[in-house]
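Note that the chains are named A, B, C and D in the order they appear, and that numbering of residues resets to 1 at the start of each chain.
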């Protein structure tokens, strides 16, 4: 399995081979990510919440979902690479922040947590 | 630096501690991802494209961008974990697909590549 | 009740008073719209589909939803005004297009309509 | 030109003819809107900000943009109809709210207005 660093290197090479870095400023990459997120959400928009797990296992739907998940991941890695941000470190930092923000006792079973 | 697997395990524990898995069906997680992508795009909406790199280095903006990038990453990892999808494999597969779809010669320097 | 034209005029004045037209190129307004759509989707992300109607009637949630709907509408009107597009005409045209694309007989009760 | 009320009536009939109201709970319609907003943002993601006005006038791009704008508008009208919200009133209310929130003097020419 490739590591995130290897994938990032491959993505960088892919863009360089096509002279696409000129389009990949952080603003454009944020837009790319938003449009890919929109395509992912489209996969589930007519699916009932209680059928969404089963749908995610159906081969045809799964292939489409995997492709959209990958597109989001690619946009995210391209953005992180462009702005020099370590994705795993950012996630670890945010997780620590969230642990303080959503104390276990007050948050348990509550969908109405703020934000 | 934590690995994606370690982060995924931490995210799973975080949700379990708060009894939040009940909210985390794939449909809801896709919505979470879309809303977090919206917050990330908001960081750049009034920034000029040719100033977006510099903006991404300013400490205050950078902290906000890093937090939004992390939120998107968290939503993506939660979704992958829920549906049993390996994110790095999905990205590697998509990258191979894209290499065939956007041949170097025809794609070079062209922003109008399809999709 | 104000008409769309009156609202558009008010929005244009609002931006002009604040010298904000400089930020309102179509690209930025599309990003504004995407970020506001993300905030709207956030209102429903932890709500069950079969409870979403009831939620939309609860006063506190309703006020938030109305505000997000309005933000999306404002972004849409600003964009239409900027690019000189008549929103109602565009919708009427698309509706005619959709009627041909989704024939009643083949589309009835099917969530799997393409797109 | 059709009014918003007429368009809403046509949309309602369109969905009823296809027995699609079953899919149109507010949660799903918010997702529809987010995915359509993603498609609209995709139209501008590789366009420079200072070329976005010109791009919006090119016939082929314009037709695509108009179609995506319409899709966003349709999703918004469907949602408003479903939850019994008057879109123009909501926008007027928000505009009044924004006028208080962004005083002219303090907001003039500032992209860094909060949110």
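Please note the rule applied: a contact is a pair of C-beta atoms (placed from the backbone, for glycine too) under 8 Å apart; a residue touches a chain by one contact, two chains touch by 3 or more.
For clarity, every value in this text was computed on a predicted model and none was experimentally measured.
*Asks:* Any chance you could check whether C-D or A-D wins on number of contacting C-beta pairs?
*Replies:* By the number of C-beta pairs in contact, the winner is C-D.
*Asks:* Between chain B and chain C, two copies of one chain sequence, what rotation angle (nearest 5 degrees) aligns their Cα atoms?
*Replies:* About 180 degrees, rounded to the nearest 5.
*Asks:* Taking each chain's centre as the mean of its CA atoms, how far is chain A from chain D in angstrom?
*Replies:* 24
*Asks:* What is the distance in Å between the mean C-alpha positions of chain C and chain D?
*Replies:* The mean C-alpha positions of chain C and chain D differ by 2 Å.
*Asks:* Hunt down the residues of chain C that sit against at least two other chains at once, touch-wise.
*Replies:* 23, 27-28, 30-31, 34-35, 37-38, 41-42, 44, 46-49, 111
*Asks:* What does chain D use to touch chain B in their complex?
*Replies:* Touch residues, chain D against chain B: 27, 30-31, 34-35, 38, 41-42, 46-49, 111-112, 115.
*Asks:* Flag every residue of chain B that touches chain A in the complex, lowest number first.
*Replies:* Touching chain A: residues 1-4, 7, 10-11, 14, 17-20, 22-23, 25-28, 30-31, 33-34, 37-38, 40-41, 43-44, 47-50, 52-53, 55-57, 62, 65-67, 69-74, 76-77, 79-80, 82-83, 85-95, 97-99, 102, 104, 107-111 of chain B.
*Asks:* In the complex of these two chains, what residues of chain D are touching chain A?
*Replies:* Result: residues 23, 28, 31-32, 34-39, 41-42, 44-46 of chain D touch chain A.
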